[in-house]
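Two complexes are shown next, each including chain A; its partner changes from chain B in the first to chain C in the second.
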Partner chain A sequence: MSVLRHAARVAWKDLRIELRSKEIVYTMAFFGALIVVVYSFAFPVKPDLVRAAVPGMLWVAIAFAGTVGLGRAFDRERENDTMRALLLAPIPRLAVFLGKAAAISLLVLLVALVCAPLLALLLDVDLFAMPAELLLLLVLGAIGFANVGSVFAATLLKVRSRDVLLPVILYPILIPLFVAGTSATEAMIAVKPDLDKLWYWIGFLGIYDAVFLVLSMWVFEALVIE
Partner chain B sequence: MGALDKVEIKKLTKRYGTERALGGVNLELAAGKMTALLGHNGAGKTTLLGIVSTLVRATDGTVTYVSSGAPVEGEHVRRQIGMLAHSSLCYAELSAVENLALTAGLYEVDGSPEAITAMLDRVGLEPKARDRAARTYSRGMLQRLALARALLTKPSLVLLDEPFTGLDRGGALALGEQLGILRDAGAIVVVVTHDLEAIAGRTDHVAILRRGQLVFEERGSYSYEQLKDVYHRFAN
Partner chain C sequence: MSNKGIPVLAALAAIGFVVTIYLVFTYAPLVEDPVLMFNQKIFYYHVAHAFMLFLATAVCGVCSLVFLKTRKPKYDDLALASAEVAAMFGAVVLATGMIWAKAAWDIWWVWEKRLTMSLLLWLVLVGYVLVRRFAGSSADRLAAGLAAFGTVGIPFIYFMVDASDHHPKAGAGGVAATLPPEMKLVFWLSVLTFLLWCVALVMSRVQSARAERELREIRERGLDAGLFT
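Now for the complex of A and B:
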């Protein structure tokens, strides 16, 4: 499939630039870690309270840090108008979208993997009781976030107040993702883990990702042409 | 799918809100011809190139791309376009060589070190800068890289928006020569510029836009004096 080959090329380009500058990863990771540290001061470390609050904390940290990274990843394409170069290339415009979204998924996942252990450590909660399930959940969350985020970040590329508008438009659409993420995490770290609930929400997240992936692929080209 | 023979622009209109950037432009661009697209600031030149490059949507009117007698669209058209825009379209964090390798990959053309070196020689980017991040380039160096990026893919529709800005006299002359070579090789070349001296004697076709209208169009070669004359008569 030439779409996937070109998408991989676009994603690899992003990751290579990031490997060199490390700017986005450091900013996101630092911001995410900071949020977690603030939580650890703001909330008393009482087992019950923490157990109830940690899922929300994790996903809010991912959302905030993710938005910072998302904005930067697309700002980079603005710098020398390189987004136009990508859209001008004789590759399906879908490949541009998939490539950007894939690279951003990885960055978001990386940040989630920084925030989760830190949260577990500072708030003394066993987030890693089910490591494989947690990883799956974070992967699905990162994909969903990057996917919806890329559509809106690309659309807002030419808008002056995009930094403010991006979260305002993005978060309402991401509510189902956050609900699923939080509920699944909750089920995972409960005193008696609720496997039915966990898999229900993981399944929900999978469907959310699939639906929005199809939707994004469908609208992306129409949204990015001036 | 091969080179484009012709681009037909019909009744092209572009509105930004209530502002009309283009108001029904008709123009035909032919293979092996260099068109100079002239006009004052805000006349609509960049907008026209944007629509022809497929990146800007027309409000009304059509652009038809013809290859071997049949209309083509989408990726086939984009494959044939070489664009030199106001900005470099190159990644600041990547070097000249890496930028060209990326372009070669996306266009599936020869991206070997030899091919890239040959192209950078052709645009005259100094060898010791080629492996440095483009962020560190001077304005003129970046312009040369942008040109290399546009030419690497062997385009048959070359769209250049103010290609001479930032180039020194030698660079501008060399670029003029390169454009002549492309035209002679059969490409459709469109140059938007305010630098009439740089294109004097090289164009086959002159078109002048004024407030989104095509106010002058004529085929034939123009000397610097003639270009200056028609520009002053029609652009104002």
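Now for the complex of A and C:
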């Protein structure tokens, strides 16, 4: 269990830096909010149209804001070359990965929790008809995103064109996650909520997260070497 | 892999290509379907390319995982070669698939199951090629990671497309299963031709990848030894 304890320590370190500077939280959340505002100008606000488009809007906003935050979170480790120190630390590499991924999933979740109410407010959609299910969905989405994202952001750390390569690598892999999130949200906010569909996609997301978590834990050490 | 095999394979593929194209237009019967008719001929190339796309992708995925675990560069060369070849075959699959869609259903793109899967697979492959080109010295690791994640993601794409397939079921499903024997012969000949072609391409790409790597290593050794100052 020491892996988990070390992971928690790495995560807490990241979160504490974030709590002191609040750089990523503020910029990411504001960026997410901006995307939502851009949406409300870019698409005609008609009730039936909005209901069909909002799930996609939510998840695209999470994807964009999440990518920005992800890049920044790992840039921080690059600036003072602290990633090397982390990797040299006498703890399993697995713990470094898990800690990083946990901290980033919290940040992504936070952005989602900013974007969702804003979408509901600006576009007048009842996103919160099933608050518990929505939260579960967002948590699963944030975990999956942060998990795959951390692996590749960490690997890209030393690459010059990392900012463009990160989405190029990430999005094709994450497409199932976004489709699952969008479809589940769609089922949730439909005029007649489709519970079977909702739980199918939540299950899908859960399995996606589990499989990719195992794969990440398996290849992280091979990918991130100095 | 020897150098000599490549010209032989390429020559066989060239002969096969001429023979297949002749047989496709003279020997294989026209389909009864009034809409498809002559357009159905593209099937011999489309499906053969799709087979090669999936074959080369599988090779790339397996080699990438093995490379990540063993760090033997020969697996990396093979993964790189098959990914590039798969990306090329994928482009042909998408182009011919769109032509088929236009002819059969009068629309260029439908979110049909296999088309969607091919598109998503192709996107991963294009990402792989981009990473290879622009990621500098850690390109091999990154690309291997992408290939590993992409390969593991394939079942998810399958189930995802399966569940969200709300478009009308396309008619292509029945075509491959119920071929008359003449068509089947031409079809498998076409698959064989493109298999030879695919293997020849991968082999020659492996060789150039290996040559590039060896040159780089020699150069680094030279730099270490104080040459080229």
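Just so we're on the same page, the second predicted complex is superposed on the first by the 225 of 226 C-alpha atoms of A that agree within 3 Å, B and C clash if a C-alpha of one lies under 4 Å from a C-alpha of the other, contacts with A are read in each partner's own complex, and residues count from 1 in each chain.
Convention: contacts are C-beta pairs under 8 Å (C-beta built on N, C-alpha and C of every residue); 3 or more make two chains touch, one makes a residue touch a chain.
Keep in mind it's a predicted model, so treat the numbers as computed, not measured.
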Partner chain in contact with A:173 - chain B first, chain C second, else both or neither: second
A:21 touches, of chain B and chain C: first, second, both or neither? first
Which superposed partner A:225 touches (first chain B, second chain C, both, neither): both
First (chain B), second (chain C), both or neither touched by A:81: first
Touched partner set for A:92, first chain B, second chain C, both or neither: first
Contacts of A:53 with chain B and chain C, given as first, second, both or neither: neither
Broader residue contact with chain A after superposition on the shared chain, chain B or chain C: C
Contacts of A:161 with chain B and chain C, given as first, second, both or neither: second
Partner chain(s) touched by A:152 [first = chain B, second = chain C, both, neither]: second
Shared chain A surface residues [contacts with chain B and with chain C]: 225
Chain C - residues contacting chain A, complex: 68-69, 71, 120, 123-124, 127, 130-131, 134-138, 141-142, 144-146, 148-150, 152-153, 156-157, 159-160, 163-164
Footprint of chain C on chain A - complex, ascending: 148, 151-152, 155-156, 158-161, 164-165, 168-169, 171-173, 175-176, 179-180, 183, 200-201, 204, 208, 211-212, 215, 219, 222-223, 225
Chain A - residues contacting chain B, complex: 6, 9, 13, 16-17, 20-21, 76, 79-82, 84-92, 225-226
Chain A-facing residues of chain B, complex: 50, 53-57, 75-76, 78-79, 81, 83, 85-94, 102-103, 105-107, 134, 149
